[in-house]
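One chain, chain A, appears in both complexes that follow, with chain B as partner in the first and chain C in the second.
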Partner chain A sequence: MKRREFLRILGIGGAGTGLGFVLGKVTQTPGAKLIPYLVPPEEIVPGVANWYASMCAECNSGCGIIVRVMEGRAKKIEGNPGHPVSKGGLCVRGQASVQRLYNPDRIKGPLKRRGQRGSGDYAEVTWDEAAAELAKNLSDLRKSGEAGKFYLLTSQLHGHLNQLAANFMSGYGSPNHIQYELFQNRNLLYANQASMGLNTIPHYNIEHTKYLLSFGADFGSTWLSPVNFSKGYGRMRQGEGARGKLVQVEPRISVTGANADEWVPARPGTEAILALGIAYAMVEKGYNRAGDASAWRAALSAYRPKEVAAITDVKEERIFEIAKEFAQTRPSLAIGGEGLSSYENGASGLVAVNVLNHLAGNLGVKGGVLPNPDDPLRAAVDMNKRITALASAAASSKVKALAIYNTNPVFTTPKAAKLEESLKNIPFIVSFSSFMDETTALADLILPANTPLEDWGDGFAEPAAGAPVYTIMQPAVSPVFDTKSLGDILLSLAKSMPGNMGPKLQAQSFAEYVRNGWKELYSKNRAMASGTADFDDFWDKTLQNGGWWSQEPSRRGLSVSTGAASANISNKPAKFDGDEKQFPLYLITYAHPMRLDGRGANLPWLQEIPDPMTSVVWGSWVEINPKTAESLGIKEGDTVSIESPSGRISAHAYLFPGIRPDTVALPLGQGQVYGRYAKDRGENPIGVLPLVENPKTGALALNSTRVKVSVASPTGRMVKMEGSTKELGRGIVKTVSPEEFSKMKKEA
Partner chain B sequence: MAGIFDKVKDTLNSYRTPGYFKKLDHKWTMVVDLDMCNGCGACVAGCYAENNLPVVGKEDCGKSRAFSWLRIERYVDGEYPDVKVKFIPVMCQHCMKAPCEIGCPVYATYHNQDGLNVQVYNRCVGTFTCATYCTYDVRRFNWFSYKWPKPLDQQLNPDVTVREMGVMEKCTFCIQRITAAKDKAKDEGRGVKDGEVLPACCQSCPTNALVFGDLQDPESRVAKMVNNPRKYRLLEELNTDPSVIYLKRVMNDGKSEE
Partner chain C sequence: MKKLIVYALTGVISLAIGYWVQQQFFSDRAPVQPINFSHKIHAGVNKIPCQYCHIYAERSRVSGVPNVQRCMGCHKIIKTDSPEIQKVTAYWEKKEPIPWTKVHNLPDYVYFPHKRHVRAGVECTNCHGDVPNMDRITKVSSLQMGWCLTCHTQRNVKNGRDCWTCHK
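Our next item is the complex of A and B:
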């Protein structure tokens, strides 16, 4: 039996409710706990696992997952083999999300602040009391005509939860729903909109490309859709046809960079100029396959490889070589990741990458950039709704009530944003977080929401597969603690508010809301209806399969005009804060492969599994080139102080030859105050960052300061799992050259 | 004369074959394509989740007591800017001539009919001999009985024993999954099909770098992959005859000498 069939048989959905619902029914009545197993629920056979198809919510890529549930408990999460994004694989973070569900530090029920704000002194209250308090605060605000002073601050929401939040806010009368995450792809969305007129992130078809030019995209561990790209990477290397080549441009070798055939350590902040230098080299030599060569030569005249070489610290010949190989290997693909977009002028770098793809004829072709269909719910990130806008509104007392869900901006915004101080001005803060964190600690009322494995939801994956992918999230288990779905909280809140909140908030539960939403999609989309008897039949199949997807590609044409490009590119390197003499080193901060922006820090597996590049566990570190370290008198494991004009933190030194001597790198995510596994793990690197945001998109520039590094008084110890970084002649990882490999392939 | 020599050699060799089996039921084999592995660590997480591996914390990690049955080794060669980084996932190699099996005084570790190097927790008295003999440093010792703070214990896999203090453990090739697949095949009156057994690491791998199967089944993927000219085995010169087969990574400055 194939895995897929196995799923179909075992996947629940027949009743369309899920085991979680059944269990919820039987466990909620006191005294009924023993009885159900005399006549066990139909789905439960002790010792036999049920698998529920759902969606992973650890990052925004929307991987389809299957959850192994035995006797009502989630045991293991695997990738959904039928899902076009995850294709059966799942990353470290997705697999660890079961530890988010069963985390001992979860907030176990509604809490109301008793002591001073921030003191952490909370009293337990019932859901009814908490909901009444919330409704009273919000209805009083609305009655006094200040509905617009209510702000909703969430992570990037998806699908129908996003729609529900929008409906709630418009029904309430406030335009202020801010979606904030550190890695929200705002620059990428902007760059694609500005240069190609795309409203969605396209699919980067790594699987079929033969030459992948990556500008700071750590696509194997953190960027956009790591599982999908990794699946593609494996096929690119050892799939059909010739072996694809990977060239990585970044100042510090990332997990993806470690796998590259060539590493191009351009000077930090000049990668965009390098991309345009390559583009100029292409048109100069007449390699370009699309676009008018003379028009582009004029548009790119400021990027002659000779001058670019001086700025970027990459030799002129190498620029020409890359240009030639990029243009002549078919198909090729250029991508720009966080390493590129995290500069102050990040969006322009991403436009430069689009220019490269346009000139090489990679847009809309297999192995290149494939457009994705539009989000069926027309959701879009509003670039003007920023965390800094909230901070300034709160500072001038224009915010009367704030609701927070699933985001921790106090931890992830630089001190200069003065977010914590401003939030303290807000008279009423409610948090729907399931965990105590730096932002939720300011809340007056906490109504803990379900974690994704206990909740309904859906997502219309953006970096998807170049074709529609609608993924459903369904509860795999009943809530472990006394928590509720955010959708349910909003729906019942809407009902308890005096006055009309509009017709869109009538559903009895969020489960019903999602189902109704899918019914509407189903009625509009003929492709969804094909092969199903009616909506009920379709819905059952959707819950079994984990969603609905089709192979129908988007047919939108893509191109970049010289005008759109010229308006967005610049030949100035990205600005770095701090005087070059006083602060001699560039600072690169990056999303950690396990902890990302910090959300994974309290999951014990994500602390204990060694960092792929440094093998450090349970701690934070700074990566320094051994030569730089020697000149500063720093030895491996020393506690060093990292000082920028904006602040100072300390970390342990990790000597790593895969980083430019003029650069140091800090992983994000450690340095949290709450959580038994996350606390006391070093200091938060955000503490040395200035507040630099892209004026057009509001994205925070993470690579925006210079630092100085010096030995500090020792604190703690850096634990790393590596013995030696050398093979010592043992021939552990054996290699063959590409030439030899192609000979092998011919002989076979 | 030559006949006698051959006979003596065969007899000696048969004693070198653990378990003295003439024929195995299966020969479970894992093939790891190092050109596809990108070092992300998803396999390690899969192993932690499937096999109830305890989390030991910073202090014990520092004493080399971390439990990862499967680890990703990372090697860094060269100086800036010519730096080469290589990854290799290393788990129990299920050696057919395993040094650990020779050492164990209580036969807690032995070779079974499936070609697996198995560890019987009930027999283990914790002499640490196997870990000392192991060529690949893949054996892990329970220095303590580890606890899972509630409700993290609800995640524990009921198909796998939670080990107690004083017991040695290591990668089992997810023997619980192999057993389940064999049981199912037996119920249906057939043999185990290729691809039916997937250890947690192979299942989760985002690049499909890990492939698992029965080498005795000529139609299996691994049986076809072992003919790959890139094939090698880890520290093969020590004659441990490992069941894990690596395929060499393709690298620009790749050397081909053995």
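Our next item is the complex of A and C:
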């Protein structure tokens, strides 16, 4: 063998061995590590889930949830089957809320502003430093006798957290705790207070009603307590007795409207007048079951169906038909949702709905409106504490310090409120937000609070199920990042403040505060004590069940007087900004089923689920009737500009037959600047809204402007799941008329 | 021509050798563990029952790797002079768990509960081999689906051949 040949064989052999080794390496399954516990926690068995009962905080319905936790990590959230509000159900937002816990955009520890305000340049600091800085700022303010210039701005707080915040503010000496959310039911609270003397939202007993007349209430996806109502609606349709009927009055079909038997597309802003027209028709025909007919005829004389028909674009005969069916089907129920309440005179529309229920005898009956017991911790909501009050106080430098928690008003108030500019006047802003957002971006100091799955809390569900529902929120997992409970932050802040902050802030931790609060409730409420040995026993059961509730209905009587009604109703359609000729279309903005007011936008699941009505994913779109689109030369998917006297945004055109030709609709929630899943997706419809708030309640009117729509660019990329809305003769959906169906049933 | 055959033969043989070396000495069938733990001493010579350490086998999906506290329960006293035990003590003192390498690894799409098998009276050695005689743990079963089904069929397991039983 030659030397050269030997080397060649050696080379081939070496390469082959190496190759074989690599082959073996790449084909084997990668080994994983097995990391045991150092000391095993007592309650954890690896591989076996622990379920913790808690409360969902994605909206204000207060659904009971159970959280599946494995090895200390929350994996899945379901509805609590024993809870009277959620009854084992949970909506898409509740399901996705686990993504709030693990969201990569969470603020992972305390931050202190380093650069210019709004620049996003923050330095990481320790909790001790951050707490000391906060305490110093607030105690300096208090020492200089300006405690009243400290404002606390939060979302709608519930239960003991709300009580703690109130105690903190009164101990500190400031009356200015403002609770603000876009969908806060202020108008509904006001209308029920003004017409029925109720301080809480009643329970609308959809489950047992047989005729449901809904004015713009999208109760199947966003309104009040969608899980409870959806379950109830299922039983209303397919439960005991005859199938209930749903009539939906709204200019644009919502998810709920799509399920209705009848759609009544009244002219936007006139729904309240339609309700009163129906009420008048009931009185005139003698259908009413409650109330003095002649007194009501006098009170409603301005709403004769003939005139109402002309205003509302609903035929006179149809008004009489609805009146007859509504009055004669037992039990029946009228509800007024965001669609009605979001007009400039929204509260009066909701009073009109109460009038309908009163006349039909639906108040306080099964299948009608059932009163809820009062919240044991909260008095009536103060309607004067509103976001515009904060904006004007800040603009005139009457605010020296501001604390923000869990609300993003810079994103949800119209430009005309000048909120951002006003907030910049405040010398010291602290945020307790867990996420960076448009409002928190103005903060000088950020002390991130826990998310609901890491926190204690409770809620006295509103609307409850017509009986007391006290839900407890307990931590399902320990904090994932370096965050603290807002309750703990406030309690330790109170202790580090010089001077007396009052006796109500002595608890060592918020957990203890909540427990003490429940102990007090327990000592006062005999129904809570029944069947339990002592408070400790009761508390264990409460944590296990997710709260305490009873079947005991509220015995309060409900009625609407002609005087209360007349003082609040109006025969003028809601006002819309903008000249009719220049801006020919009404604009409806609505809460998106997934993103709501924008709070769900940074949860990726909620971004990628197609909208149930349009099947659009991500982005923002505007719903236009195909006839209107044709006359404006707009094709599906075009980028169009929507212009109002207050501003202009662009969105993709979606041709939607379920909307009146004189109306266009925009879903809320997109167009955020922060959050990796939320940013760069569409535009914020709030940008075209004028600042119109209900003078009595401070609720922002979302349906308050006219717009014009024009093609901005014929190209655009709207992502949607549906191909065509038409069958094109393929016979995909077989239909049969009710008459044929009953004939077929007889023959079978 | 003859030369080419020689080259090819050399290549194939060396490929096989390389593969075999990898499988035999570097594979996950019997990986080198951070501590030279001997099942032979524990389960074989001293006859400690499996579930004395793998405490979750009867009530969970996983049998459970013994926590470090459990190791220290005995080895605070027993054989403290051994260098391997001193490694355990070092982990315990640093308050760090021992990073064992997994030998019996199932893909995520397989639902395998130890609980059901142990309760049905399947011996641990049935799948894990003669562990009481192993110094270093070696994977003896393929853990492939066919292997599972052979046993499920022989024992006539209820729904034992249903896709949903293991893939859910």
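Quick note on the criterion: the second predicted complex is superposed on the first by the 684 of 748 C-alpha atoms of A that agree within 3 Å, B and C clash if a C-alpha of one lies under 4 Å from a C-alpha of the other, contacts with A are read in each partner's own complex, and residues count from 1 in each chain.
Here is the rule we go by: a residue touches a chain if its C-beta (ideal position, glycine included) is under 8 Å from a C-beta of that chain, and two chains touch if they have at least 3 such contacts.
Quick caveat, the model's predicted, so the values are computed rather than measured.
Peer 1: Report for A:Arg717: first if it touches chain B alone, second if chain C alone, otherwise both or neither.
Peer 2: So A:Arg717 only meets chain B here.
Peer 1: Once chain A of both complexes is superposed, is A:Glu321 in touch with chain B (first), chain C (second), both, or neither?
Peer 2: Touch status of A:Glu321: no partner.
Peer 1: Based on the superposed arrangement, let me know which partner A:Glu512 touches: chain B (first), chain C (second), both, or neither?
Peer 2: Once the two structures are laid over each other on A, A:Glu512 reaches no partner at all.
Peer 1: Which partner does A:Asp261 reach: the first (chain B), the second (chain C), both, or neither?
Peer 2: In the superposition, A:Asp261 touches chain B alone.
Peer 1: Decide which partner touches more residues of chain A, taking chain B and chain C as the two options.
Peer 2: B
Peer 1: Based on the superposed arrangement, let me know which partner A:Gly89 touches: chain B (first), chain C (second), both, or neither?
Peer 2: First partner only, chain B.
Peer 1: Contact-wise, after the overlay, does A:Val39 reach chain B, chain C, both or neither (first, second, both, neither)?
Peer 2: second
Peer 1: Touching A:Gly47 in the superposition: chain B (first), chain C (second), both, neither?
Peer 2: A:Gly47 sits against chain B and chain C alike.
Peer 1: Contact-wise, after the overlay, does A:Arg243 reach chain B, chain C, both or neither (first, second, both, neither)?
Peer 2: Touch partner of A:Arg243: chain B, not chain C.
Peer 1: Name the residues of chain A shared by its contacts with chain B and its contacts with chain C.
Peer 2: Touching chain B in the first complex and chain C in the second, residues 47 of chain A appear in both lists.
Peer 1: Which stretch or stretches of chain B touch chain A in the complex?
Peer 2: Spelled out, the residues of chain B in touch with chain A are 33-36, 38-42, 44-46, 48-50, 55-58, 61-62, 66, 68, 71-81, 83, 85-88, 149-158, 196, 200, 203-209, 229-230, 232, 234-235, 246, 248-256, 258.
Peer 1: Going by the contact rule at the top, pick out the chain A residues touching chain B in the complex.
Peer 2: Residues 1, 47, 70, 73-79, 88-92, 95-96, 98-99, 101-104, 220-221, 226-227, 230-231, 233-235, 237-238, 243, 253, 255-259, 261-263, 265, 480, 593-594, 604-605, 607-610, 612-613, 615, 617-619, 625, 627, 656-661, 676, 717, 719, 721-722, 725-727, 730-738, 740-741, 744, 747-748 of chain A touch chain B in their complex.
Peer 1: Which residues, counting only chain A, touch chain C once they are in their complex?
Peer 2: Against chain C, the touching part of chain A is residues 5, 8-9, 12-25, 28-29, 31-40, 45-48.
Peer 1: Within the complex, which stretch of chain C touches chain A?
Peer 2: Spelled out, the residues of chain C in touch with chain A are 3, 6-7, 10-23, 26-28, 31, 56, 59-62, 64-69, 92, 95-103, 105, 107, 113.
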